[in-house]
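Each of the two complexes below includes chain A, the first together with chain B, the second together with chain C.
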Partner chain A sequence: MSTTAFLTDSTLCIGCKACEVACKEWNQISEDGYEWSGHSYDNTQAVGHSTWRHVKFVENPVEIGLGGNSGEQLPAWGFSSDVCKHCEVAGCLEACPTGAIVRMEFGAVFVQPDVCNGCSYCVVSCPFGVVQKNEEDGRAFKCTFCSDRQKAGLAPACAKACPTESIKFGNLEELRLEAQLRVKELEARGIHDAVVYDPLDTSVKGIHALFLLRGDPRSYNLPPHPEVPTTYMKKGWTSAAIAAGVMLGATLLAFLGERR
Partner chain B sequence: MSRVPLPEVPNRLPDVESERRLNEIRRTAAQSGMVTAKGVTPVGAPFPQASPETGYYGVPLLKEPQWTKEVPLYFFVGGAAGAAAVIASAAHLFTQDDDLVHSARWVAAAGGILSPALLTLDLGRPSRFLNMLRVFKLQSPMSVGAWTLTAFSSFSAAAAFANAIRQKLDSTPVYVLENIAGALATATGLVMASYTGVLIGATTIPVWNNNIETLPPHFAASGMNSAVSILELLGHENSRSLNLLGMAAAGYESLEGLMLETKRTRINEPLRKGKSGWIVRLGGVLSGPLPLALRIAYAITGNKKLRRAASWSSIAGSLLTRFGWVQAGHASAKDHRIPLELPESVPKVGMSSHELADMHMKMA
Partner chain C sequence: MAENHPVGFQWVMEARHKGAKVIHVDPRYTRTSAMADYWLPLRAGTDIIFLGALINYTLTHDRYFREYVVHYTNAPIILREDFRDTEDLGGIFSGWDKEKQAYSPETWLYEGAPSADSPSGEKAGHSQAGGGHGKDRGGEAGRLYKYNDDPTLQNPRCVFQVLKSHFARYTPELVERACGIPKEKFLQVADVFISASGPEKTGAICYAVGWTQHSKGPQIIRAAAILQLLLGNIGRPGGGILALRGHATIQGSTDIPTLYDILPGYLPMPFFGSDSQKLESYIKKHGSETGWWANFDRYIISLLKAWYGDAATQSNDFCFNYLPRVTGDHSHFGYWLDMADGKMEGLFVMGQNPGVGAPNAKLQRTALSKLKWLVVRDFVETETASFWKDSPEVQRGELNPKNIATEIFFLPASGHAEKDGSYTNTQRLVQFHEKAVDALGDNRSETWFVYHLGRRLKAKAAKEPTPRNAALNALTWDYNTHGKHGEPVVDEIDGEINGYRVENRTLVSGYRDLKNNGSTACGCWIYSGMMPAPDENKARKREPHGLYGHGWGYAWPSDRRILYNRASARPDGKPWSERKKLVWWDEEKKEWTGHDIPDFTKKKPPDHKPDKDARGDDALAGDKPFIMHPDGTGWIWVPSGLKDGPLPTHYEPLESISSNPLYPEVPVNPVAKKMERPDNPYAFEGGDARFPYILSTYRLTEHHTGGGMTRYLSHLAELQPELFAEISPELAAELDIQHGEYITISSARSAIEARALITARIKPLLVEGRNVHQVCVPYQFGYKGLVTGSVPNDLLAISEEPNVRIMETKALVCNVKRGRLPQGKAGLEVWKEEMRRPA
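Right after this comes the complex of A and B.
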């Protein structure tokens, strides 16, 4: 089976949240409250243990003639459906002490719910803040990349439900190419700020959920330099070894002084 | 098992007062066809924006740590137990003070039993601890820690047990057994005292990973500080070596505190400001300069009260240090500006709904 991926094209997204609903329905995830955030039309706010797809609403300055919104005071909306990035080098997978988090044959990072013990170390190891422990259940949850559907040869529920094909699902390399072609196509139409979010040059070494956005990805809470926390480990263990050595030496010295 | 309630995100819908005002405006609009007065200000207004300078409405990018209070408590207990095992072996090697060896072995063993219990409380179900023993992963500090703790618990308990038998029956095999178990407990104890620094350092939480180089020695010194103090309070108040070790640990903690106060980076802000800042600071004073001064004063005057005060201060300081660092991690995770590398010059506007939720929690 080839390596699969999502390409979420925010220039096609209409903010309908069908992906959120389809995800919740297929994966049988519980509701996550009924709150009024005041952040545009986004009351879900972030992905978490009960939200595996999340549509972000960014209000951009008026741009007459683009995006179909020609009102003088109404902002132009940018929508983008966020999801687990299924990193090539995944912080959660590296950190998991039980081996509950595994890599599937098609590239997904999957939390096995029958092995997860709820230590919540993955929560602080994800550079995108995706995986979260369900405090009532006691285990960590995140997007499964619809591994069950993919094993049966089906597309993930969110991609299947997307009415505008904003969420594209397919082979990773093909989608990378498609994203570049789409940027060129938009450029030809006079949209010059389209970018592909794919942090290949960081320690994450690429993701399986590419995003095509207009403007700075930081408006969409996407970090410019996501780093896998294992990169800090060499420094940490070196320092721990020195600390242990000094501690042993100091203790021996202290008691050596008492021998007379 | 305590169930942590999810934070309530407050509604930004208008309240009774603003609803009344809205009705007034509607009435005016119906009567005169135009409203010139100011409208209603919703809770937390002005709302933060989504932009390259402000991030996504100030919603935190990273998730907060979800450990229960038992985890920082475990950092304290495990660190003290590990250091106690080191003291036991050194005292056994160089002194005739069998009482001290006995006490230190038992402190180590007690910590070795208490630690898995604390972690189990965090996980919620005893069998869940065993899940960590189905694999060994060098790239996961949590996995290395779980195995180290398991080994340490066994070795320290064996050493304490052999020591207890030796007190009644002095035979060579028991003596050899105690020494082997003691050596292994010392080796794993050294890891126990320092690995927790790597554990929190090798994460995405900025204030933790930014300090990964200084965290292991900081936690090791903190562990030694509390182990020495616990042994002193157990009656080993005349050991000159323990006082020396306590001085060394308090001295290192003073340097650490000085470093944290002078390294005034933006990432280190939770270590200086807010609730976490005060816990870290108080912990630093109680485990650094205060016991150091008291121990020096004791060495000069010989007043045992001073030394006892140093012991209590060190234990409280070590405990606060662990809680402070975990608390700082929470504050750091909530700051969306660091992982997004937002410009420092742009002032924060309004409150995100997460900050509002925090405010409501504090008020409740």
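Right after this comes the complex of A and C.
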């Protein structure tokens, strides 16, 4: 069955934060506190339990804004709207002991609030730092991929509100293709550092929130090689088994030695 | 534009996608700059130098669109011999009356155009009472259809040549010296912009209040108009000067105005003078013999019929004398200063928060304490409503609640989702919006409030049929109501605005149906045709088709999407190019046709030559697209209607760090009003040592105007939760300011505190050989709501640009210091200390 995805094209983002507000309005999430961060115009600071879409502001003295002010050391301002990646192999889902985190038909990774017991295993298991526990409430929260809207045939609130079509929503494979075409188009316009962020060949095995960025994904807080913690499980269990074996052997040896 | 009009900015993004180049000129590097191909920071207040240099460049390099300029503009028209330019007189135009501090505009007229003095003998164009929103419909000061011209543009007294010499000193070198834009950068951008013109291409200029809020705001926009006319960028697709308005329906609130000097449809409010005592003399004064405004009488008489119904008859001048008269400056600042002087009794404040949103907000708040009563209608109890108990003046002991006798009525207002209504956007597009939810609690719509207030006043007046109440008793006020609160039916209001035949109340199909004999009524002639049948309100349409969105809403007038679009065709009626075709003459059908509704008389052929004594629209030739002007041309030169000159000229801001590089003797716009008084003081002219930095205020995407609609909403308040000031790393280093710490900013009016946002997006500029620092502050904070801060508008001065009486907010002077501003009286002392420093 076809699954849906976001393609967030940061070269089209104007930093208006309509996605953040539309998300909070639709999902009825509370504000994040009224703290002035001093970090450019970014005061919600990160994706978390009460911010499911978050616009990063990358203020950089070197050229980065699209087509911007070429050839000079002028200010540049990059914007990109971050969101849960809805991984194919999702660390949070794999770690959840209660079965609260499930995969929806569109490919969404969904935390069922009525099942979550607040153990926070998902929080440490997310390779992107998306899931966060609400300490007052005791449970973990993150983007639902607007599963309720999608079931009704509507686009997620953030994509719907975006005025510049920086957040595109649609079929995953079609958006993959679109992202590649867009990179070529930017290339033709003389922008050579545009990349698609789609970590297919890592252990997350692909995501449902692709990004089109300029330059190093790390400047937008996106890890170049995200890994699901469970990928280390085989290694972990093997080491544990060997250790157990060695200890058992040592114990046996000790007893055997005593009999003599 | 990306900052304050993110939704409209999607079209800029789309144009860019198709290869358009985006140039952004702004002292700050904003979210718009981030999307632009070129960003040019300039010293705030030097826009006319920048635009004048573009005009000069276009002329000296022969890059203007010659055929367009010769046929469609007044460039070939010859001016009077006694006209003298600012270049001749060191910064002022001919006609300056030093005593009155005003111009006599006669010498600005075309040669051969007789002055149009009023029947009562008052000299045309001399009245100082009004604002400029509705002035000079069709050319009050002259009969401008009479002129001589030189199509070769060679006559030294033709507009083209005068323009050339007027701007000759606006060079790239001057731009570098005065604006702080390097010469090469200017030349590069000039070439890019000017290349977007000619038969195959067009370029647009978008501006917002950054241009209007100057002591010469309208002249800045005039400079843009001159440039666009020279490049043939008006009336053509992709061209134009696009005013990005500051609120959702500001366009609508000037069309059907909340301004003191105009009536609906830009008809001037009558003055107190003798030439406005009779309807006939008022029409003679403001109407025009030629051009579209020859229909002036139809529009004012139909308006009077809509307002006064059966009471309005030919024999009583259609109740013309029930209209109030303009007796002086009744603009916001005019009456607010009257209020400060105790000359006003009461005030309604609806959808406005002058306690933080207006310049010299301290004076604004203090003046409220002189009222007997104040009505505030808003979503929340704004700073304007609560000034008496929690304003900084109360904290500092300047106001004492015990001594304030103002009785305040706070009435809750409905949000836009709680009421039917319409928005008119910057494209003149009227879009209806339906009520989505019932209003909460006692919230009521504006239509409800105004209708029921009027109904009660009328009921009261009906019991006392005195002459004083005659206007109120005659007023038609008969809308049907519905729902449990008696909400007036909005479609009935729209029907009245559209206009109807008095005889049988059938709706008219457009303003061409309106008559001057009282047989038609129309609430606003430019909107006529929006609702031609009771079940057809075109503002509700949601089926767009074609390139220009016809079928979505209704663009006044007559659903034309691009004004003056006759100019999109050559003088012979054929499109300038296939690529840019919009409206053209169909030779077979003998009529104008195209992708847009032609803004021209449909059957008037391109080779139409008017008879000698033709009047009205017939008097304009078939190649004169600018039908609202009596001569049918686009005005590079404004012969009548402006108070501060026929051409834009650079003057420094009223408060400036610099002297005028062009006219040292005339530092500032000589006609602008400083309204200087003890509670509205200024820094010294030509550079005041106490205030070495430029202060510019602006708006953030995250907040709306004075913040009454956003600082109280958690999801918006958290996005920009505290007042900050943007300063450059260079200034921060000079003053030893750390990022994020508090700073105190002071002006000649007051002092505020803000967090320092040190950013490379603000650059010091090299002006006249020295580093100039600009301090940029969003003005949207106040002391109420979920997030609070000092009121930056306390720093600004009240001032009046001469034509539309707008204040200067984009270029003033200030000082910056490390550290917080103490609360209470101590804060006042800090500011006084600043003022005592040597100037």
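As a working rule, the second predicted complex is superposed on the first by the 225 of 260 C-alpha atoms of A that agree within 3 Å, B and C clash if a C-alpha of one lies under 4 Å from a C-alpha of the other, contacts with A are read in each partner's own complex, and residues count from 1 in each chain.
Everything that follows uses one rule, which is that a contact is a pair of C-beta atoms (placed from the backbone, for glycine too) under 8 Å apart; a residue touches a chain by one contact, two chains touch by 3 or more.
Everything quoted here is computed from the prediction, not taken from an experiment.
Undergrad: Which chain, chain B or chain C, ends up touching more residues of chain A in the combined arrangement?
TA: Partner touching more chain A residues in the overlay: B.
Undergrad: With the two structures laid over each other on chain A, which partner does A:255 touch: chain B (first), chain C (second), both, or neither?
TA: Touch partner of A:255: chain B, not chain C.
Undergrad: Now for A:177: first (chain B), second (chain C), both, or neither, which partner does it touch?
TA: neither
Undergrad: Once chain A of both complexes is superposed, is A:18 in touch with chain B (first), chain C (second), both, or neither?
TA: second
Undergrad: Based on the superposed arrangement, let me know which partner A:99 touches: chain B (first), chain C (second), both, or neither?
TA: first
Undergrad: Considering only touches as defined above, state whether A:59 meets chain B (first), chain C (second), both or neither.
TA: So A:59 meets both chain B and chain C here.
Undergrad: Is A:38 touching the first partner chain B, the second partner chain C, both, or neither of them?
TA: The answer is both, since A:38 touches chain B and chain C.
Undergrad: Which partner chains sit in contact with A:200 here, chain B, chain C, both or neither? Use first/second/both/neither.
TA: After superposition on chain A, A:200 lies in contact with neither partner.
Undergrad: For A:164, is the partner it touches chain B (first), chain C (second), both, or none of the two (neither)?
TA: It touches chain C, and chain B stays clear.
Undergrad: If I apply the document's touch criterion, which positions on chain A are contacted by chain B in one structure and by chain C in the other?
TA: Residues 33, 35-36, 38, 40, 59, which sit in both footprints.
Undergrad: Quick one: which bits of chain B touch chain A in the complex? Just the residue numbers, please.
TA: 3-6, 9-13, 42-45, 47-52, 55-57, 59-67, 83, 86-87, 90-91, 93-95, 97, 122-125, 128-129, 131-132, 134-135, 137, 139-143, 145-146, 186, 190-191, 193-195, 197-205, 208-209, 212-217, 220-221, 224, 239-242, 244-245, 248, 329, 333, 336, 339-342, 352-354
Undergrad: Hey, which residues of chain C end up touching chain A in the complex?
TA: 2, 6-7, 9-10, 13, 16, 22, 29, 31-39, 700-702, 714-722, 724, 739-740, 755, 757, 759-761, 763, 786-787
Undergrad: Quick check on the complex: what are the chain A residues that touch chain B?
TA: Per the touch definition, chain A meets chain B at residues 33, 35-40, 42, 45-46, 48, 56-59, 91, 94-100, 115-121, 123-133, 135-136, 138, 215-216, 218-221, 223-227, 229-230, 232-233, 235-237, 239-240, 242-244, 246-248, 250-252, 254-259.
Undergrad: Considering only the defined contacts, which chain A positions touch chain C in the complex?
TA: Those in contact with chain C are residues 12, 14-18, 20-21, 24-25, 30-36, 38, 40-41, 43-44, 59, 61, 65-70, 74-79, 163-165.
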